[in-house]
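In what comes next, subunit A is part of two complexes: it sits with subunit B in the first one and with subunit C in the second one.
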Partner chain A sequence: MEWIEMQKQFVIQNLLGLHVRPAKAVVASASQFNCTIQIEKEGVQFNAKSLVGVLSAGIKFGDTVTLIAEGEGEAEAMKTIGDLLASPIEENPAKKVQP
Partner chain B sequence: MILQGVPASAGYAIGKARIIREEVSHQPVAKIDPSTVAGELERLEAALARAADELSRLHAKWIGDGREQEAEIFEGHLYLIRDEELTSLIRSKIADDYFQAEFAVREAAEDIASRLSRLDDPYLQLRSADIRDIGDRICRCLSNKQEERAAPGSEREILIAEDLLPTYIAQLDNEVVVGFATSLGGATSHTAIIARSLGLPAVIGAVTNLERIEEGQTIIVDGVEGKVIVDPSEEDLASYGELRERYLRRLNELRAFGNRPTRTSDGHLVELTANIGSVKEASSAADCGAEGIGLFRTEFLFMERNDLPDEDEQFEVYRDIVQAIGPEAPVVIRTMDIGGDKELPALNLPKEQNPFLGFRAIRISLEKMDLFKTQLRAILRASALGNISIMFPMISTMQELSRAMEAVEAAKRELAEQGVPFDRAVPIGIMIEVPAAAILADRFAKVVDFFSIGTNDLVQYTMAADRMNAKVMHMNNGLEPAVLRLIYNVIQAAVAERIPVGMCGEMAGQPLAIPLLLGMGLQKFSVSGGSILATRELISRIDRREAQELLKDALELDDPDKIKACVEKWYANRQASIMMEVALGKSQ
Partner chain C sequence: MLSKWLKPKTNRQKITLLAPLSGQSVPLSEVPDAAFSQGHIGKGLAILPSSGRLISPLSGTVVHVIDTAHAVILEHASGVQILIHIGINTVSLRGRGFSARVKTGDRVVAGQVLIEFDLGLLRSEGYSAVTPVVIVNEHLLAADPECHYGAVNVGEMGLLAFETER
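After this line comes the complex of A and B, so read on.
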């Protein structure tokens, strides 16, 4: 079966960016899928199943990244990891305020 | 021989030197025959599995000990050892470059370490040392060696090495190894963090001449002052032995006060926080049991540089502090208190005749609105991440306060328009350190959310006595009746308006002042990190009603020496033991 690459843009909502703890959450989630999953930032792609990869991207709060998945389970992977990227991954302080 | 280094983990240790030498540091390129690639890859897989197994056990052990922060370091290592990118890099160095497995591991670890070190992110807790640590672990598993443990012996040992890796320290036998000294590393490295949490005295980094130490020499590690004493004299041994005993005794007494709220003996809760001047101090304050940050002096952001810190740079610092102390913990950020004697090169301010009465702090901020607004925006942005309050220094008049509050409102409007999150209800308070503000405390209390009394300046302004001038220094005394009455006035004004009132000057940590302040109704004490536990202990032994009686007596007296004697007598009538040195560090 042929898989067509899927991709979608997300704006990072975790206030402290993807530092070690949220990056671990992304890697743990991505590793459950068989498809290849990349996170692209400023034209460079990083392996979402690798902590080294995700950390190397140096992703900060408010950054726009593109999630790219290809292979078995890609639609589900896009949804699961996309939801994660678009959420405040860590428990943010109770009194987080909207402008 | 005394070697000076950086104190990384407090305490004193006496033992025999054991020299740890780097085993394989600069191996030459080791190539393999292409026909053995498959075997080499198999060897790698087995080593990776063993290494992961070791790390899982370490992680479980530290979780079991309730040390989650440290356990997380090993969890990070576990992730890395299973990391697709690291492992595929190692595999390709074996399969494509025909590197021997050990060499491939070291090369790959080095590549990744240098890649991560280029990222300028304070949250990247996995530092090059951790990656090297993992490389070493895999190599050890490759050569099928057991994890090295200190040989069981009756003698206490001090490890001497160029560098020690965090996981190596974590699995040391604490009965045998009583301390260590290294010439590399720093006080904030993971090695130092682990040493502190194990209570293992250590001097890390900047120790020169370590290589002159010989195996078996007697060594004293002074983790308080950062000294390594080689072949100490009998006197040194005796005095350090005593110091060690005293330190351990006091530590034991104080340890009980680490993780608990601060309460007087009759059950009144007070807040006990730390004064800090840098991000590093925020982490150590958290280790010291501080309930938050009562005063963050932002001056270091502005000093010793020729330009001004921009909004992002400041935001990152404020954010790091919230991260270090925790999002729930209160953090009071004081806007820049610079000028006069503290130089601000970027503004090129002229030297002044009388800097303490001159152009400084909020007076500069209100004149240089751009600079002020940048700082306020950065603080407000950080307020979305934690429990932050803003505090203005050196406020003397209501007009200054309203201009400063207008600036906050303007900054909030800008951020709201730009859609940047911040805490709309961020509390705004002032330092009470100018007598003018102390006298008008009842008026200020109607406008602000909190007071923090800065005694260092309040005392010197009230007494008109320069604390640097030896001739008048004796008048610079917080127990002067005029000072006590003024402080009491401020606290009463705050209580009447139901706003919280704290103190962040030196007086807040002084045993002679603490019962008087409790008697006055002070609710928040902010002291240096090292004084937290001793202050908590002291407060827990004071009954607030008794302190109120003491205050009544003290306020009748006209002589600061008599007030001092009055407090001492009050202590003596209770428990002699609570007249203790404030900080462990002062016990020497």
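After this line comes the complex of A and C, so read on.
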């Protein structure tokens, strides 16, 4: 079966951008799927299944990114990861935690 | 003797990390952040630091320094990647109190200074300085890492040891 690449744009809602914790949430979500999943920012694509990949994109609040999926389960992946990217992902802003 | 030849061919490699900070090493379950304490970010341990100089626990490559310099990811030649995240929610300091001494792409040797940080500032601003040291691509590991808990001195060998599958 041939797959046709799917893509959609999102504006990042997490006030602190995709730092380690929200980036890992994206990676964990993407890693459930067999299709290839990339996040594109300013014309450069990053592997959404790699923490280094997502962090390397340096995604900030208000950035527009494109989610690209191709392969088995791509429609579900677009929906699941897209919903995450379109949300604040976690409470804003990060609270301080006492030792 | 013969068993040596009959064993399936594996190319496992044992990697031992040195302590990147002085302080107390504790289980991840003691980290006041669910993502780390429940192991969602990766497997490893955390250090309650007593000083603000983070050194590299291994020789390898810096694959990412977060722009606010509170976290770094290192890659060993085996491909295993280790995240060191200084403090909890310290992303909110937006870089204040942190100075990176390396940049993404740098080759580093074990013991090289990676980040210097103001431990007093973290505390006075009310942040936990507990620093998780976790393997973020744990599918490359043959088994869970061996962790050494208790007092640690920066540069001391044997904080964390693991075997890779390749």
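Throughout what follows, the second predicted complex is superposed on the first by the 92 of 99 C-alpha atoms of A that agree within 3 Å, B and C clash if a C-alpha of one lies under 4 Å from a C-alpha of the other, contacts with A are read in each partner's own complex, and residues count from 1 in each chain.
Basically, a contact is a pair of C-beta atoms (placed from the backbone, for glycine too) under 8 Å apart; a residue touches a chain by one contact, two chains touch by 3 or more.
The structure displayed is predicted, hence computed values, not measured ones.
> With the two structures laid over each other on chain A, which partner does A:Asn47 touch: subunit B (first), subunit C (second), both, or neither?
Once the two structures are laid over each other on A, A:Asn47 reaches subunit B alone.
> According to the stated criteria, A:Ile4 is in contact with first (subunit B), second (subunit C), both, or neither; which is it?
Neither partner.
> Quick check on the superposed pair: does A:Gly58 touch subunit B, subunit C, both, or neither? Answer first, second, both or neither.
Both partners.
> Quick one: classify A:Val20 as touching subunit B (first), subunit C (second), both or neither.
After superposing on A, A:Val20 lies in contact with both subunit B and subunit C.
> Would you please give the residues of subunit A that touch subunit B in one complex and also touch subunit C in the other complex?
Looking at subunit A, the two contact sets intersect at 16, 19-20, 24, 50-52, 55-56, 58, 93-99.
> Once bound in the complex, which stretches of subunit A touch subunit C?
16, 19-21, 24-25, 28, 50-52, 55-56, 58, 93-99
> Could you pull out which subunit A residues touch subunit B in their complex?
15-17, 19-20, 24, 27, 47, 49-53, 55-56, 58, 92-99
> Once bound in the complex, which stretches of subunit C touch subunit A?
Residues in contact with subunit A: 32-33, 35, 40-41, 48, 63-64, 66-68, 71, 73, 75, 81, 83, 85, 88-89, 91-92, 104, 123, 125-130, 136-137.
> Name, in rising order, each residue of subunit B that touches subunit A in their complex.
Touching subunit A from subunit B are residues 75-76, 79-80, 83-86, 112, 115-116, 119, 121, 123-126, 319, 323, 327-328, 383-387, 415-416, 418-425.
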